[in-house]
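Each of the two complexes below includes chain A, the first together with chain B, the second together with chain C.
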Partner chain A sequence: MATTRILEWLGRIYIWLLLAFLYLPIIIMALMSFNVSPFYQLPFEWTTEWYASLWQNDQLIAATWNSVEIAVIATIICTVLGSAASLALYRYEFRGKKFLQALLFPPIAIPWLITGTAMLIFFFRVGIGRGLHAILLGHVALALPYVIVVVSARLQTFAPELEEAARSLGANQWQVTRRVTLPWIMPGVIAGGLFAFAVSFDQFVVSYFLATPGQTTLPVEIYAAIRKGFTPEINAVSTIIIVVSMALMLLTARFFKFGGEK
Partner chain B sequence: MAAATASRSGLRSALPLLAPAYLWLTVAIFLPLSAMVFFSFMTELPLSGRPWAFTLGNYAAFFSQSLYLTLLLASLRLGLEVTLWCIVIGYPAAYVLAKVLKGRSREAIFLLVILPFWSNGLVRIFSWAMVLREGGILDTALNAVLPFKINIDLMYSYPAVIIGLVHSYVPYMVLTCYLTLQAIDDSLIEAGRSLGASRLQVLKRVIIPLSMPGLVAGAALIFVPVVGSFMEPRILGGRTGTFYGTVIEDQFVAVFNWPLGAALSFILLAVVLVILAVASPVLRRAA
Partner chain C sequence: MAGVQVSDVSRSFGAHKALDDVSIDFADGGFYALLGPSGSGKTTLLRQIAGFDFPDSGRITIGGESVERVPVEKRRIGMVFQNYALFPNMSVADNVAFGLSVRGEVKAVIATEVQRALDLVQLGKLGGRRPHQLSGGQRQRVALARAIVTKPRVLLLDEPLGALDKALRVDMQIELKRIQREIGITTIFVTHDQEEALTMSDRIGILRDGRLVQEGPPEEIYDRPKTEFAATFLGDANIFRGDTTGNGIRLADGTAIAAGAGATLAAGGKASCAVRPERIRIATDAGAPDGNANMLKGQVSKRIFAGNNSTYFVERGGQTLKVIVQNTGMERLAEGQDVVLRWSPESTVLIAAG
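Let's look at the complex of A and B:
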């Protein structure tokens, strides 16, 4: 018992070390966005100058809005299409089902570099071209399999007898789905939606190949900025985004349990 | 009765639910990939009206210049090292999350682990530059604590690329392992223990085998993008950051040799598919 205690405490300490590793650079980045020196020189001197100049940077603001819009639209499309597809794959038996499930694998498994360059060539050739619409098209395709996999995983824990029971009590297909199945898979749908948002919002590679100078997303803009020379303005905008997304996640966590049932 | 009806009209009922998702994937993923294969055999892209012909030259370029092969091997090694580090760091964390922590603290910490994942990948990579460079945070902090003078200048080196990539991808491993570990019934572990197995034996015989799908899924989710990474090596690797991915990027954004880029991409795709085929038995068992 004593050993168990010690091991559990070691485990806790370990988790905190991991969190330190994950957050150290993010915290430093946030601090540096409030530092006077544009070259990240210490000692630290407080300023909000970089945030002020951020509001003058129309290009960065436009790119940020593009990113948010695309991520929100992609999340909605992915959640709806993905949940529908997962339900169909779970509920029905048909020939070629295994093949359809296997088809979900390539978009996840193939490096974005390959997918991105392939989209560039193809969209260019068939006239879809580049720009925000092309980026959205790509983001949905990239995130969709994640949603289907996550929702399907949740469906695996679903007892089909529940549907049977509801049916035998006189519920029709739509009622069964709405009252029994959907509430059960909701955590999966939310998790899938969060995945989709993260994939889209964080997506750089595919956006990079599909962006045009006027129609670009935040990561693409940041990559360009890094190659030109990094500025604390980028730290500032990133800090804002991290704070906002954390608040959003915490809000979601208030309504849905992430850590499972127990 | 209801079940029988459902399975008989299976595809017809399933189709309206499936079609939108799969059509989207076809237009945005499968057709582009097929087009890429096609273009990789061309001398010119048929865009500007310039004459083009079929050729094997793009593939010949890969095999005749050892540079490409060397870079591909370097990228595979990078993928392997990053994946291993992610397992070593992420698996124990997933275990603690799933089996040690309970209730609200588990929820909170799980959230904290997957949160960085929501922040911008590029900025996280670049934020390491402030930590790793000479005169950066790590350097300053260590010199403030240690009695002797040391120079930490990891920036623009191979370890810097590894650190940045592990930092980016370790939440994936924690997530996938956590999901499978959490599904393991505690009574299985207790049963093993009460039958006289040591902690290590329970870990080896019960926990690791049952969480294998999560491990493999995590490894695949990490290995594949790392092999194709180009932004991370560019930013953190500097001069040492030339990998297979950066060469492909160059073909599309700098050199504008799209057919060669397509051929190099397709070769990478083939390699990735072979590796995934090797891993798929375990993944199929998970599905």
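Let's look at the complex of A and C:
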């Protein structure tokens, strides 16, 4: 009895330590974005000054919008193309299918630094060059395998008889996909989309290689700003991003059970 | 409604011949069982009729219309799957409505038809439930309602009762038969359960290794099997093998067995005789000679008591024979006892050597 209770307490402490490890740095950063001192000096004095000056920092705001735009577009492209590719891999048997599926994994494992260098050289050679369009293209290429892997995993739990049943009831291919298959894989599509968004929005290395001066994404801009000298504006913009992305995650978790229905 | 004709249909998967020149005529409004062990081709045949797969050669017609190259969604069939295949993201009513809705039927019509179909399977009040909230038997009924609500020409059932427990299965057999009679739809039912095939169908087709072994009403196949396989797969049978004497066979030890049913064969070749265990009478003494009855002596090696009947295993000339005796309260035979077995030639089916 006593041992069980001790173990139970140890378990609880472990969980709290884990959560503290994950969230303390974020909480401190969020608090400091409201602190008067730019050098993390205590006592804490409340201010929204950094948020106000963030509003004046056109470069940071432009970079943020670039990042959001690229991430949203990359997410849409990746979920559509990735889900379609997963469905094709699930439904059809064709020559070289196994090879193609195996080829999907290396891009996840190859360091982004190497992928970024390769993309820079390649884009330069074929005339795509650098810029936001090149960043978008790079992000799509990076994020696509994640979507395919996640959606394919979800499709593995799909009962093929469901498509057969729908067809036997007179549904054509599009009706089968839209009304039976897609609802089933939707949690996978959403999860894959979140991955794609995260890969793109977090992306520093590849964006850094493909960005042109003056037209960059937020992570690249933050890196440049820190090199020039740290300002609490970075804390402010980071806090806003954390709040927005956590709200998005919670909303998604609320509407989609990732484990799927039993 | 429509009849289905399958003519000379063959289908191979690689080197494996799943269907080998199968022809069956499914009459309009009939209840037909396709019976066979796993791998016999019965499900492959059903999938050809449904249109999930196309035959390599041969013809399939539904209501006289050639369909062997028509995909499933255009065949106007209804199908019930072994694991029900209900759409998990839809309510019971939406599941049943699916077939009407993809045809672009108006909402009011869909609502009436769905309610009628659910009433027919006695689930009228459960339209709002989700499939995972239903019991196995209820899911089965939803699957059936979904398959018939579109008024298909043929109803195809792929081992639909396989996942249910025994008691529920018997209920569903009666229910399925009632619904089939009520709407008069041509029904083709795949099963490996011989009892199910016997009790439910008007006709049975027995398949083995992709070939149709025998086809006909249950009584005919049971009483006059054409092959040893048909005799032993549908029901139980004692098989004797020997040389043909024209109206029977002669066993290796010289014993003659007279057959009153089955094939008439020219004397000289090899043949078998099949006798159902319940047709054999068992006694402890020879008694008075009994006309032209077949008679064999043997020894009881085992008795299995099953309440309303007992099965005796009788050793005779290196062969174990099965005899089923109704429990009439008479004296029971002990293991090791010498016995005399008798049965009439009319109960003996002569089968040409396969």
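The rule we apply is simple: the second predicted complex is superposed on the first by the 243 of 262 C-alpha atoms of A that agree within 3 Å, B and C clash if a C-alpha of one lies under 4 Å from a C-alpha of the other, contacts with A are read in each partner's own complex, and residues count from 1 in each chain.
Keep in mind that, in the parts below, a residue touches a chain if its C-beta (ideal position, glycine included) is under 8 Å from a C-beta of that chain, and two chains touch if they have at least 3 such contacts.
For clarity, every value in this text was computed on a predicted model and none was experimentally measured.
In the superposed pair of complexes, A:Val72 makes contact with neither chain B nor chain C.
In the overlay built on the shared chain, the residue A:Phe94 is in contact with chain B alone; chain C does not reach it. Within the superposed three-chain model, A:Ala247 lies out of touch with both chain B and chain C [touch as defined at top]. Touch criterion met: A:Trp184 reaches chain C, while chain B stays clear of it.
Legend: residue contacts after superposition of the two complexes on their common chain; A:Leu24 is shown touching chain B, with no touch to chain C. When both complexes are overlaid on chain A, the residue A:Ala52 reaches neither chain B nor chain C. Of the two partner chains placed by the overlay, neither chain B nor chain C lies in contact with A:Val36.
Between chain B and chain C, more residues of chain A are touched by B. Contact with both chain B and chain C is seen for A:Glu164 once the two complexes are overlaid on the shared chain. Applying the stated touch rule to the two superposed structures, the overlap between the chain B and chain C interfaces on chain A comprises residues 164, 167, 262.
Of all residues in chain B, those touching chain A in their complex are 2-3, 6-7, 10-11, 13-15, 17-18, 20-22, 24-25, 27-33, 35-36, 39, 45-47, 89, 92-93, 95-97, 100-102, 106-107, 109-124, 126-131, 136-137, 140, 167, 170-171, 174, 179, 182-183, 199, 220-221, 224-225, 227-231, 235, 245, 248-249, 252-253, 258, 261-262, 265-266, 268-269, 272-273, 276, 287. Partner chain C is touched in their complex by these residues of chain A: 159, 161-162, 164-172, 175, 179-180, 183-184, 261-262. Of all residues in chain C, only 50, 52, 71-74, 76-79, 81-83, 85-89, 98-99, 102-103, 132, 146-147, 150, 156 touch chain A in the complex they form. Those residues of chain A whose C-beta lies close enough to touch chain B in the complex are 7-8, 11-12, 14-15, 18-19, 21-26, 28-29, 32, 40, 42, 77, 81-82, 84-85, 87-89, 91-96, 100-101, 103-115, 117-125, 137-138, 140-141, 144-145, 148, 153, 157, 164, 167, 197-198, 201-202, 204-205, 208-209, 218-219, 222-223, 226, 230, 234-235, 238, 241-242, 245-246, 249-250, 253, 257-260, 262.
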